[in-house]
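Below, subunit A partners subunit B and then partners subunit C, in two separate complexes.
Our next item is the complex of A and B:
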């Protein structure tokens, strides 16, 4: 297998085979252990949901069980979008491309959490209020708008060709986007008519609270696994792009001399 | 020769933008015509009954404002960037933050001016009226909303001007970012049509948005124009 480590330092091309660094390849160190841990954590969450919490509560029946998958997505959305903002600021400060790759990977995992949040939220809304979508609910709307804002981040990143400017611009947008989240939420909360179930007594039972926070931790391990995989792919893709750029520059120099 | 101070540079840049636009008038004309077309489209899309308009007039007004003003925001950097004028500006001994504030000010003046004209046209075409309290509320809402709108717009305009098809991307990035102010602006315009004063909560929300993004623009704008020229 040819990797960038065994390749020519100037061009990134493998000296023996002449091949460019591959997009695939062996996973990052400890990835397998992480995957097993994530799977075990999620299986244990399912076991807790089946054995430790009431299977139905007054008012909303068993549909509330989706809450144990919905709530972790809600918390992890903020974790990964927060990480995106942190990585964006660090890129602007250090100009190290690794922070841009971290920001992009965090954006993709954040959007995944956001999609899980919307699908589980919408499913719960159908069961609880007999409607898939409620336009004036602040949480549902905030989640939808956040998705659009961060899809915009990926579109912006993909639209600019020159790598340094692309990273710079994405860094600024990544920082701006996170500032907007509390304002989106409060503007809808203050000027919409909330219908999201804010409080159910049964949800404050000790076993339910413990299970839902365990769910946050278990899903964090799972989403972190996806983040690592995404980051690894982006690192390889960026190295490939760098190598191609260097080869093009060498060819241009050869053509002019 | 010593370079001019920030205030002098700021005034010169705003005056320069103003003079150029007053000579060409292309942006103002495009914004005005777009606003008018949007109003006409609404007249076909929504039944003109008075009861329906009572619920929808604030939304119609702000969607029209948004569509028209986005044209001005898009041109804030695209024309200068494409013609090489932006690169020339960046060579001048002017602070990046000064350039940012000047561009926000000139775009803000054009957008507010245009929206006041469109607002009057809306009242005439849709047979609506405003009392004094309502008019003050609407003008205050337009000013407070547009400051945040233009600030975010100028930042996103500086991100997308060099991208092929960047005008579409600008709208895709800008509209979701503007949702908090748009939501407040519609609620506030509704109060204006009912003859009520601007609520403190609404004003605070708009001020929080404006100040947050003005501060962010002050800190981040220089990163957006640092490598300008390398991808033109």
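Our next item is the complex of A and C:
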């Protein structure tokens, strides 16, 4: 198997041995085991949700069950946007394109978590508050702004043609975008509570607390699998782009000689 | 590209299953045992579908990587 040390720094492709590269330094090995683990973790979470926690809570009924999918999405949003920020800083420091690729994959998974967060939250809001969205709620609005900021990251990444400049600009943007995250977390303290509470007192039951944190771990395994899947796809796309560029250069050289 | 054709029903099913517990909130707040297992089966099926999709496309991707490595070796030999 090729090593990244002898690989092209732009693509992660080993030019010396010609062997199958490691897709930019991320071992694709163990993906099946990871998938089985993720499935087992999620099935166990579902089992906990239907057997271990109260099926309905006074005042909010059974609608609260969606919390066990909503809360893990919220925590994993912070985890993957944090990873995006870390990878962006490392790219700016090292200029190694693999960090840009990692940042981009983390952004996509973060936006997926973000979408799950908004859809489950909005669904729960309809059941609990009889409204899909509350426009004057600081938590909801700050989460919406966060979503737009990170969609902006992907748009920016796709908008700049020249690779080095694209990575540089995305690195700076990805580092600075994280400043929004504390704003989301502390939005209720900063701007006051409208509908979304800072803490759900009704959900303080020990089985509910344990299940929700187990849910965070189970979904982390799941989202990490999606991250690996995304990263591999991006690595292949970059290698293909690099190969096409090299073919064009060979053709140009042939045309001029 | 086959991805959108698979992704759209998966996402639709995901949304429907996530929405089910919320809309099942009854006045008596006492869902039946059938409801409980419908939630379990529905949520589990969604996760099984997503993970099978990820695994199958990952394996296809691994095969594409080998083709790509072959192409890169050919380009290497043309550049030399």
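The rule we apply is simple: the second predicted complex is superposed on the first by the 212 of 257 C-alpha atoms of A that agree within 3 Å, B and C clash if a C-alpha of one lies under 4 Å from a C-alpha of the other, contacts with A are read in each partner's own complex, and residues count from 1 in each chain.
One rule holds for everything that comes next: contacts are C-beta pairs under 8 Å (C-beta built on N, C-alpha and C of every residue); 3 or more make two chains touch, one makes a residue touch a chain.
This one's a predicted model, so the numbers in the text were calculated from it and none came from an experiment.
K.L.:
Between subunit B (first) and subunit C (second), which does A:152 come into contact with in this model arrangement: first, second, both, or neither?
P.N.:
first
K.L.:
Considering only the touch criterion stated at the top, classify A:247 as touching first (subunit B), second (subunit C), both, or neither.
P.N.:
After superposition on chain A, A:247 lies in contact with subunit C alone.
K.L.:
In the superposed arrangement, does subunit B or subunit C reach more residues of subunit A?
P.N.:
After superposition, C is the partner touching more of subunit A.
K.L.:
Tell me the contact category for A:229 with respect to subunit B and subunit C: first, second, both or neither.
P.N.:
second
K.L.:
Is A:183 contacted by the first partner subunit B, the second partner subunit C, both or neither?
P.N.:
The first partner, subunit B, only.
K.L.:
Quick check on the superposed pair: does A:165 touch subunit B, subunit C, both, or neither? Answer first, second, both or neither.
P.N.:
first
K.L.:
Once chain A of both complexes is superposed, is A:110 in touch with subunit B (first), subunit C (second), both, or neither?
P.N.:
A:110 contacts neither subunit B nor subunit C.
K.L.:
Determine where on subunit A the residues touched by subunit B overlap those touched by subunit C, and list them.
P.N.:
Of subunit A, no residue contacts subunit B in one complex and subunit C in the other.
K.L.:
Could you please specify the touching residues of subunit B with respect to subunit A in the complex?
P.N.:
Counting only subunit B, the residues touching subunit A are 152, 155-156, 159-160, 162-166, 169, 172-173, 176-177, 179-181, 183-184, 187, 201-202, 205, 208-209, 212-213, 216, 220, 223-224, 226-228, 230-231.
K.L.:
Going by the contact rule at the top, pick out the subunit C residues touching subunit A in the complex.
P.N.:
By the definition above, subunit C touches subunit A via 15, 18-19, 21-26, 29-31, 35-37, 39-40, 43-44, 47-48, 51, 54-55, 57-58, 61-62, 64-66, 68-69, 71-73, 75-76, 78-79.
K.L.:
With touch defined as at the start, can you tell me which subunit A residues reach subunit B in the complex?
P.N.:
It comes out as residues 92, 145, 148-149, 152, 155-156, 159-162, 164-165, 168-169, 171-173, 175-177, 179-180, 183-184, 186-188, 190-192.
K.L.:
Please name which positions on subunit A make contact with subunit C in the complex.
P.N.:
Going through subunit A, the ones touching subunit C are 13, 15, 18-21, 23, 28, 31-32, 35, 38-39, 42-43, 46-47, 49-51, 55-58, 60-63, 65-66, 69, 116, 119-120, 123-124, 126-127, 222, 225-226, 229, 232-233, 236, 239-240, 243, 246-247, 250.
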